[in-house]
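In what follows, structures are represented as structure tokens.
What follows is a pair of complexes built around chain A, which joins chain B in one and chain C in the other.
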Partner chain A sequence: MENNSKSKNRREFIQSGVRLSLALALGGVGGLALSKVIEDDWVWQIDPFECTQCGRCATDCVMSPSAVKCVHAYDLCGYCDLCGGYLKPDANALSTAAENQLCPTAAIERKFIEEPYFEYHIIEDLCIGCAKCVKGCTSFGNGSLHLQIIHDICLNCNECSIARVCPSDAIKRVPASEAYKVKGDFTNNPES
Partner chain B sequence: MDSKQIIKIVSYSLGIISLVFFFWWLNANPTRDFEILEEGADNRGAGLEAQEVEIGEYFEQFATGYTELSETWPRFRGEDFDNISKSPVKLIDNFGNDSPRILWTKELGEGHSGAAIYEGLVYILDYNEEERADILRCYSLLDGKEMWVRGYNLNIKRNHGMSRTIPAITEDYILTMGPMCHVMCLDRETGDFLWGLDVAREYESEVPLWYTGQCPLIDEGKAIIATGGNALMVAVDMETGEKLWETPNPEGWKMSHSSVMPYTFGGRKMYVYSAIGALVGIASDGDDAGEILWQTTVWNHSVVAASPVCIPDGKIFMTAGYGAGGMLAELTENNGNYSIEIITKYAPREGLASEQQTPLYWNGHLFGILPKDGGPGRNQLVCVHPDNPQEMVWTSGSENRFGLGPYFIADGKMFILNDDGTLFIARPSTERYIEMDKVKVIENGHDAWAPFAIANGYLIMRDATNVVCIDLNI
Partner chain C sequence: MKNKGIIIFLLIMAAVIIAVIVGDYVSDRPNRSKPNPFAYDVKEFKTVDPELIHYKESKNFRIGFEKPVAIAIHDDKIYVAGDNNLKCIDLSGALLHDFTLPGKPQTVEVFNQNIYIAINNQILVYDNGGNLLNEWEPMGENSLITAIAATENDVFVADAGKRKVVRYSSDGEFLTEFDGKAEEGVLHGFIIPSPCFDLDINDVNELWVVNPGLHALENYTFDGNLRAHWKNTGMRPEGFSGCCNPSHFTFLDDGRFVTSEKGLVRIKTYKRSGEFEGVVAAPTKFTDEGRAPDVAADSQNNIYALDFDKKLIRVFEPKNNTRLQPGD
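== the complex of A and B ==
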């Protein structure tokens, strides 16, 4: 009887141990999975209020063309006929003719809305992130045009090559859950 | 087939392929995918037709009694067109621990129109969005009591502000110019309508971008208006509204935001004006009144807000924003003939430039706030000598930057208003920037760009939507 009881206890002990191990393993895997889900990654982004529009985003990004693009905060825009971001300073005419446009790749589309308003739309595929329009808009307008790193293009390099050369340290790591630093309250950029 | 035949066939084949490739290369157009960017792609409209406006149709009196005072600030840049108050009234040079003594505040329509003051009454042009009307408002200077309003219905939309001009006042008259170039002449005391002129309709003038910025001028009983369009400038009798002369405009120069500045040089009085297209001097009197005495098309920019700074020795300084920069020219007179020579013209980062405000000429030096595209000195108050506006005598430094707001001198103190409604007091100096005090006057202020007006120690200043009267008396 005593031997039988001992043998039973040993079996129970092994069974309990196996159950505990399984539970621990399951808990560990679940915890690991959960931590993966709730953990926030970090991505690179430009603080538009720190950016000095030096133009290096266009030339120093590993992507060609750059992963940095101009975005437009429509709620800040003045919808001006004379747009400092669209037209060259002292342009011959306020028109869409190539000689008057500031953007080297014609990535800004200008549409007449109604007197006296014009709307400006960034064609992302054409934008090279040179910041010429941002400089014009910041100097003469409300600063509604600004640069952002577009995350479906960005490779999220461990050492961002434009962050290394940014003269105003405007490019910083931000939580992936807040991946964009868009001016104003509204932008038509679908990623934001 | 022997080897010779094979070589022959291969050679002919290669020759034909080369020829085909050569012709393909000749005909290939590497720019065939390029798109020609032409004007009109924005589907710009034809522009609004000038509205039928009955100038001066609306009037309402609210009060009659007010405290009459002795001093005036009768127009844009004051009595002498130099933005320097000659009043003997002593003003504070700091606010101490006290808040600024704000006598009254009024909410206005979005705009940048400054005030004119005449012996205890303040006149300010406003646009009433609810009533869809241009309104001249008359307030009592001491307590802000609204005395009367005179205006007319007009449909305009917000465009970085609406009203942006300062009335001109004399003992007898008030002259205003509204956002769509409607000139209105009133009796100063009663506000009675005397005559009106719809400049855009009558002269087919193009209303400047963001609406009219030109402040009208009353000079020796004449209203002087730079019209652009079918005439460059017109003089109108203040009493009758009758046109006295019109300056022909064969080149089609357009109206700018710049205001007409009277200037006497070489024994002739003239009106100096920076149109879109040229800088001109127009005879003010004599047989040739209204004729162009001199002109230069070297100064030709699409937006000109600042007015000419006419220096007694014949130098004229001009500046404008949107990349234009500055220009110094020198006027010479020979037997009644005038000629203008450009001394220097430069980009905004290369010398004194200003986007909106007209620089001050004080103590033989020019003072101004550089625009945002002014390079490392952007937004700094700077001092230059008119002999060389590209060499800075001093700058306020990177720690003292300002915006597009006004600056002027009163009681030997320079007052500077920042965009956000912060008022700075500095000591004018040709040696360095000397800040004495600063205080936030308008909470949540923005776009505080309208020029100052001061009389009897009471300063009128505003941001985009609020006008404030501050007591600066000691």
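== the complex of A and C ==
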């Protein structure tokens, strides 16, 4: 009689243990699934305030042409006639002539707005992310042209091959909800 | 025999792993990067014909500011603002006064016994002992004061945020403001793509204002009517490049202009007429991609450049101290 009770207790104990383990496993899987649904994905992002326009975005991305493109903060732009991002330093005229354009792929379009203002538009398909225009705009303008990773092109590699060689550690993983850090308010960098 | 084979295999594996790690380490790391095939090259403009350089650097003063902001010279005393302080030093670099300000200064101007300092877009007036004499009404929400110029009865304030010059009486009473538009469709007003907007008053009481988007210096009456202007666009030594140059300027005591530029950081002098005269400091004198130094001049035509990157006042003296001849 006593033996029967002991073996029953053991059986109950094992049954309860199995039930508990199953409940914990189910809870764990459910929690994991829920966290995957709630949690943001992570993507690569360039901090334009850290970027030093080294040219590696054009040469080291696994995509060809690079998934890094120049983007333009129109609200920051001075709409200058003499645009350091559009014209070569030794341009012989402030014109759209090919020999005066700084961009190696002619990916910037210059459009007259009204005297003396010009608007500059990036043709994304042509841009290779070389940052030549960004360098010109940052040095001689107010930095309205800057680089950013375009996420419908980026493969979101586990280890970004540009981040690996970026000399200023300007490329970081960020939540997908904050994918694009763009300029547009020069109070972020009033000394530029 | 079997064990020996395993040992040889493990040794080969270890060698391969070490080779991969070393290969990865010495590969294309940032500090071993290849030259940038897309480099933005302005080297040819950094070198200036020595014949054009009319000044030499004679000394410099370490000012002890983490963030120097502005420099002004009055009665051969140097006033330099930075951090939360204003320092007054003599021309040999000896500290005369150092007083604490209630906030971070934006710019400084000195006229007679009054020191005008902009803090949080408000002008505060101090005496030489650091006593607060007057506190003007703060400027509007979108204002950004970048320069002040004072005369006997008037004080002009450059507001880069609103792209206007504001005229006050010396007591701080608002008198008028203007945005550089001479008349509809003729002049486009001040074009200020970045906070580089300077103004100053010369030896004959003329108000000159930079229009950086047009690479122009414009002379206005105190009521805001355009009287004269000159401009010079280009990367060559005689021109101004980029969106916002000259970033700073001052006058020598004979009315010549001293300009300071960003991008291609350099300091130059122009005759009263606006004709290019020569170079004070070539781009090679400054940090690559550094900021345009603020400039001031003493009565001997020495030029004092506040180098924001090196946190120094750098003094440039004329190689031949020639004064302008009448008619220049």
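Note that in this section the second predicted complex is superposed on the first by the 150 of 192 C-alpha atoms of A that agree within 3 Å, B and C clash if a C-alpha of one lies under 4 Å from a C-alpha of the other, contacts with A are read in each partner's own complex, and residues count from 1 in each chain.
The working rule: a residue touches a chain if its C-beta (ideal position, glycine included) is under 8 Å from a C-beta of that chain, and two chains touch if they have at least 3 such contacts.
Because the structure is a prediction, the values reported are computed rather than measured.
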Quick one: chain B and chain C on chain A, clash or fit? clash
Looking at A:Ala106, would you say it contacts chain B, chain C, both, or neither? Reply first, second, both or neither. first
Quick check for you: in the superposed arrangement, does A:Ile46 touch first (chain B), second (chain C), both or neither? neither
Now for A:Ile171: first (chain B), second (chain C), both, or neither, which partner does it touch? neither
Is A:Ala98 in contact with chain B, with chain C, with both, or with neither (first, second, both, neither)? first
Partner chain in contact with A:Cys83 - chain B first, chain C second, else both or neither: second
Contacts of A:Val68 with chain B and chain C, given as first, second, both or neither: neither
Under the stated touch criterion, which partner chain does A:Ala58 make contact with: chain B (first), chain C (second), both, or neither? second
Which chain makes contact with more of the residues of chain A, chain B or else chain C? C
Looking at the overlay, does A:Phe140 come into contact with chain B only (first), chain C only (second), both, or neither? both
Is A:Phe118 in contact with chain B, with chain C, with both, or with neither (first, second, both, neither)? first
Stretch of chain B penetrating chain C in the combined three-chain arrangement, among 91-99, 235-243 or 289-297: 91-99
Common interface residues of chain A with chain B and chain C? 78, 80, 82, 84, 89-90, 94, 115-116, 135, 138-140
Chain A-touching residues of chain C, taken from the complex the two chains share: 28-31, 33-34, 36-42, 44-45, 188, 191-195, 213-215, 233, 235, 241-244, 262-264, 289, 291, 308
Chain B contact footprint on chain A (complex, rising order): 78, 80-82, 84, 88-91, 93-98, 100-101, 106, 110-112, 114-118, 135, 138-140
Which residues of chain B touch chain A once you look at their complex with the stated criterion? 35-45, 47-48, 157, 159-160, 209-210, 301-303, 321-324, 355, 371-373
Can you list the chain A residues touching chain C in their complex? 53-56, 58-60, 77-80, 82-84, 89-90, 94, 102, 104, 115-116, 130-132, 135-136, 138-142, 165-167, 186, 190-192
